[in-house]
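Residue numbering begins at 1 within each chain, and the chains themselves are lettered A, B, C, D and E in the order written.
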Amino acid sequence: MTTTTQPAAADSSDGGPGLKASGLYSRQLPTYFPPALLVVCAVVVSGAFALFGSFHPVPAAILTALAYLVAITASSAAVENSRRAKDRLVTGIVYCCFAVAVVPLISLLSTVAVYGIQRFDLYFLSVSMNGVIPSMDAGGVYHAIVGTLVITGLATVISVPIGLMTAVYVVEYGRGRLKQAITFFVDVMTGIPSIVAGLFVVALWILAFGPGQTNGLAGAIALSVLMIPVVVRSSEEMLRLVPNELREAAYALGVPKWLTVVKVVLPTAVAGLTTGIILALARVIGETAPLILTAGMASTRINGNPLEGDMMSLPVYIYKAVRAMGLSGEAGVYAEERAWAAALTLILVVMLLFLAARLISRFLSPSKG
Amino acid sequence: MAKRIDVSDLNVYYGDFKAVEDVTMTVEPRSVTAFIGSSGCGKSTFLRTLNRMHEVTPGARVKGKVMLDNLDVYDPSVDPVAVRREIGMVFQRANPFPTMSIYDNVIAGAKLNSQRLSKSRADEIVERSLRDANLWEEVKDRLNKPGAGLSGGQQQRLCIARATAVEPAVLLMDEPCSALDPISTLAIEDLIAKLKENYTIVIVTHNMQQAARVSDRTAFFNLAGTGQPGRLIEMDDTNKIFTKPDKKETENYITGRFG
Amino acid sequence: VDPENQQAAGDVDCVDGGGTLDGAGASSQENAMAAWKASWEGACEGSVVQYDSVGSGAGREQFIGSGVTFAGSDAALDEAETEQATERCNGSEVVNLPAYISPIAVAFNLEGIDSLNLSPEVIAQIFNQEIDNWNDDAIADLNPEADLPDQDIVPVNRADESGTTENFVAYLSEAAGDAWPHDVSGNWPIEPVEAAQGSTGVAQAVESGQGTITYVDASHVGELGTAAVGGGEEFTEYSPEAAAAIVDASDPREANTENDHAINLNYTTDEAGVYPIVLISYHVACMEYQEQQNADLVKSFLSYVVSEEGQQAAADEAGSAPISQDTRDTLLGTIEQISAGA
Amino acid sequence: MTTTDSSETAEAPKGKRRLGDLVFANSARGAGLLILAILAGVAAFLIVQSFSSLTANEANFFTSSTWSPEGGPDEDVRFGVASLAFGTVLGAAIALVLATPIAVGIALFIVYYAPRRLAALLGYLVDLLAAIPSVVYGLWGLVYLVDELQPFYRLLSEYLGWIPLFAGPVSSTGRTMLSAGIVLAVMILPIITAMARDVFHQVPQTHREAALALGATRWEMIRTSVLPFGRPGVIGGAMLGMGRALGETMAVAMILSPSLVISPNIVQSGNQTIAAHIALQYPEATGNGVSALIAAGLVLFAITLAVNMAARFVVSRRKEFSE
Amino acid sequence: MAKRIDVSDLNVYYGDFKAVEDVTMTVEPRSVTAFIGSSGCGKSTFLRTLNRMHEVTPGARVKGKVMLDNLDVYDPSVDPVAVRREIGMVFQRANPFPTMSIYDNVIAGAKLNSQRLSKSRADEIVERSLRDANLWEEVKDRLNKPGAGLSGGQQQRLCIARATAVEPAVLLMDEPCSALDPISTLAIEDLIAKLKENYTIVIVTHNMQQAARVSDRTAFFNLAGTGQPGRLIEMDDTNKIFTKPDKKETENYITGRFG
């Protein structure tokens, strides 16, 4: 083994604290350097923009980020070494990704919160739109909350067993072509456009009950078509994570396969399964198009019966409000307020559902950790 | 309760690959039989065929006969689940059920099968099995804590307790000590010595000293060559194998200066 | 608007015991329908009307398939549809009742300009992308007073198939002659410059753009500038009265049966004070229903819709033009006759 | 345990167990088959319903871009999906190109860069964002985003106009395919991020330590052990996201100023996606109109299928090396 | 190139839990130092602090000093990446990069250090490292096959080759043979004997015989009690430790009849 290892060579070239370091002491940028550099970049870029008289936050931010990335890479390459420089560059990029993504997301959430809060109160949550005409400063979302809970609840009740059992089949039982076919077609099913799912159920309903028969159940079935593949996919991943050793441990105790699945595999995976179900729920709870087609958009009163007539849901409620938003005068203003407030309501409902799911999952896996 | 195992002309395949060839042997009841041999020669594979665990591996097949006393283990009318109840297994890596408490882990064999067990009977089984496994003293105060919170050696002993709680006739152990420190190893060896009073025990080990210490009979497996199936080279009383084996191959392996 | 006012639904003929009346169709009526629904349901206890504003086409289809008891439609049923619907109506007559008239405004976003005089030809050329600057002579000649900017015209049209488009295009092809050589349908006939979904969408697009112009249901005009439309010297701003006037100036459709009141709009009328670009949305109903309850509910609801109160409520809510007394009388005459039969 | 005892335990419980296993295994298989049945149902529905318009169609369904499927007394039934298919793929491609790298970046940030508490919070936020209805995304895009983007498009066109994508003239309202693509990207970002985050979490500690022990920097560790391990999962997530982007209806319908042309120019209004087209046309469609829309739905379905197959192909090609 | 390691007063914490207490020791260059001790006494933990790998574990902290020759490993201006390049590590469970070929696995570390590695130089490094690791003959014909396709022992040797390919000054090995059969174990012990000509080697093992066979010096760790931190009890020449250790504790541990 020679003394001229690569790191030593790299080090001596930048003339650091000498050979004694043999690559260990490398000159490093102080920890305050990156943030300071960022501030400098921001100031310089904004200054330049101001000079040319066209300051706009977005391009300024983009240029600042670019300038920062170039500067940090260059200074790191000069002071440290090329590998650190690359590391710093990637760190910068990762933070940028975060910023790039979080900014619109936060903007979205805060927009919803700020606009939504104007009409969001107990009254709004506790009344329906029954008897409310567009220009009235009245009405609320209660019926839509009920509808959303009933429809997505039904969809969950339909999809979770089917999806979970399919995942169990694929992971635990599946062999050969049928398994391949199912995994492949589940993938395909994830791509069914929501509107096509809606049209499909409408056709089904026309076959069964004649035209114009919209109700909550139809909506729930349309949502199930969208939800099932997501449940299957995520559950599949989670079941695969359960180590085989545990299955073998159960088999070795003379436990039949199905009990092994029910009592060992599923409980072990329960946290992951919950995440999957939450994602699936998230996928459908905001669906609009299929619900308009299947559950209708006429309902203004509270209807908790999924078999009986139109059922309003929060996304459709928002959609309707958005459509009325362009009305001149107060009607448009109220519609816009309702749209945002309902959006806020939906987000809060989702948050509560997520929380509940987490709690249930924690309850189901008591002795973990 | 201990039973004899008779294996005749057993061949094991993974798909088209023959992993073990023509093994014929008898495992005596109330004794410890050790399997030794180099890596990849099919010890684990062979061991798993004894309680039909190989069926869990996709593509694994068996040709030959395994008799448990008078019962043909591979008879189509025999339920593999019942076979595994009779022939328990302990794995190389401890695998307690992470979602269960220590108590539930021990009683898992009954519980997972939805057997109704009175509380007192269950308590009794748990205590006896844990005592057998030399773990009772260490865990009796935290039976309701998760099993995954134990140290490696404790987990391994917990798995042994779990296996003995269902009172199998035979206990198969695949390198149960390879991840353990000497003290835990010692505890498990003591346990094996004690268990053999009631069980038929088969143990796979890489540790020659261990084989010499714990086993009554030793089977030496080896590969016929790379890519070829493993075979049983020689099986005899442990003393004989470690002092004057019949085959040159065995002697070469045994007298390596390792341990 | 004060909620209390809505209860002032005058003398409504309610159905004893109430019931649910299902309707579906044109989205143009959505807001008017909300007003009618609120008042009618308020006046008649136990009566409910469910109007699914899924679109005229779907509404007609559901009506034909017996999914709903009445439909709202921006176009009268054509021959084939009428034939199919007859079956659904117990073999009785199917009627189109023009009870919702809404002016279509030509709205634009030009700084400092609230109103412009535009002739049908100029409107056609603008939307046909032939006149593409606001200071074009053709516009300037009609508006000597206006200070027209040198700015590109961005015409905005509906991206969805719509009754508004159909009526607007029908107007252009009648009134603008050769300047608008395209077929009439609910879809915009040429490649758009800008397009948006729904009345709200186009209004929004016009508002957010510059030099934009569109045609939109008058209830969505908001702060935008609007065109006074006309030929020669006479230009008429849209207003409910001016819009309603065109209905009276028009002839019934030739294919109409006795009780059917579909209209052929006369866009080229010379009469003064007529605003010619309107959308007429029909209520489509049967003269005879299988069930007594349905017949009673339709009768009760439609009577209210065409009543003075009903029309006023729609006008307040959706900016529609109340129908004239003549029209009301005709329609009521028909609605009276709706009945149930075996 | 006596011999008789044992033969009893070997035989007796057999029937009972087999029953449990049978029921469970078959209901699992049944669920799988049900999915196939649903899918077959959807496919059959699409094919049957699109049949009447496709046979009446006088134009080439695949190469034409006109849309007048209802015909008329003296008018042919003519419609084609060329521009719609192009627009659909274009929109989803923009979304994917924008969202995937950023999602990977965020996932890396959450798993390897952010402080733990912040990371948990971010993970939760990301899940939450997956649930925001597309109408709200559409609303936000319409009310807020397009106005913000429009000046930026001007710059883009001014400086990068030589690229056909940005050639201009720039839409004066900002309601362009790029805007739609950006909103779609924001919509699918949470999905891809969630999947990527999960797989990155699962990269075995040993692999990461192996890299670090060789003296790898954080980035080098990610490059050598995290990214290769996570690749199939990220692709899977991207496909889920792509599926959603391809099929997204409301947001596109609200934001895009559509036209049925094939134009590579994404800062100009124009192009249209299949899903949005269906949403815009369906309410007023009758007869062959509906049938033609469903035929378009069939094409969308086929595109999704093709994309998924492509993804599987990419993932499986390197299977040999993926543990 | 081999270097000396001087540890003084080292304490390691996981969050609030102190896992290792007050260790002071010197690891001599060009020699093999073995760490022995019961499970959970902090051998792995201590080992990982030597090349700052503990920093990878969230919550792990260190107090004390580690000198590599004259260099303070924990000096703020020292780059942990550089430290790890100087002090390589082999883990208990073989962890080849699953997505890489055998060749790429070996060259992975070297590639990081110098982006522009000529093909011939790379070939040279790969061959030398694999020969050093006693694996060359077995894999030279399938260098482009995935590393995960090798047997356990081969994978472990592959990881050793990967670690030596970057030519570190010190090589830390955490129970490198615990999953291996005697033949592979022998191969790795031979390898260690050979490597110590150039490297400073530290090896953690549960196998007393192995410690006795391969090491020059042995350090014995033990827990002060359950829940208490581990400590270095005694460190001395291997001969001395295994024949007449100073401490009673050590003798108790050594003379267990296990191995």
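A few notes on this one:
Criterion: contacts are C-beta pairs under 8 Å (C-beta built on N, C-alpha and C of every residue); 3 or more make two chains touch, one makes a residue touch a chain.
The shown structure was predicted, so the numbers you read here are calculated from the model rather than taken from an experiment.
The fewest steps needed to get from chain A to chain E, moving only between touching chains, is 1.
Set against the Cα centre of chain A, the chain with the most distant centre is B. Each chain gets a centre from the mean of its Cα atoms; the one farthest from the centre of chain E is C. Highest C-beta contact pair count among chain pairs: A-D. Averaged C-alpha coordinates put the centre of chain D at 47 Å from the centre of chain E. Centre-to-centre separation of chain A and chain D, using mean CA positions: 13 Å.
The centroid of the Cα atoms in chain C and the matching centroid in chain D are 39 Å apart. Counting only residues that touch two or more partner chains, chain D has 17, 143, 215, 217, 220, 254, 279, 282. Residues of chain B in contact with two or more other chains: 81-83, 85-86. Looking at chain C, residues 27, 54, 61, 201, 204 sit in touch with two or more other chains. By the touch criterion stated above, chain B contacts chain A in their complex at residues 51, 53, 56, 58, 81-86, 88-91, 93, 95-101, 104, 108-109, 111-114, 144-146, 148, 159, 162-163, 166. For chain A in complex with chain C, the touching residues are 130-138, 206, 210-214, 292, 296-301, 309-310, 322-332.
Contact residues of chain A toward chain B in the complex are 175, 243, 245-256, 259-260, 263-264, 267-268, 270, 365-369. Against chain A, in their complex, chain E makes its touches with residues 1, 68, 70-71, 73, 75, 77-79, 81-83, 85-86, 110, 112-115, 166-167, 198. Residues 1, 3, 5-7, 10, 20-28, 82-84 of chain A are the ones touching chain E in the complex.
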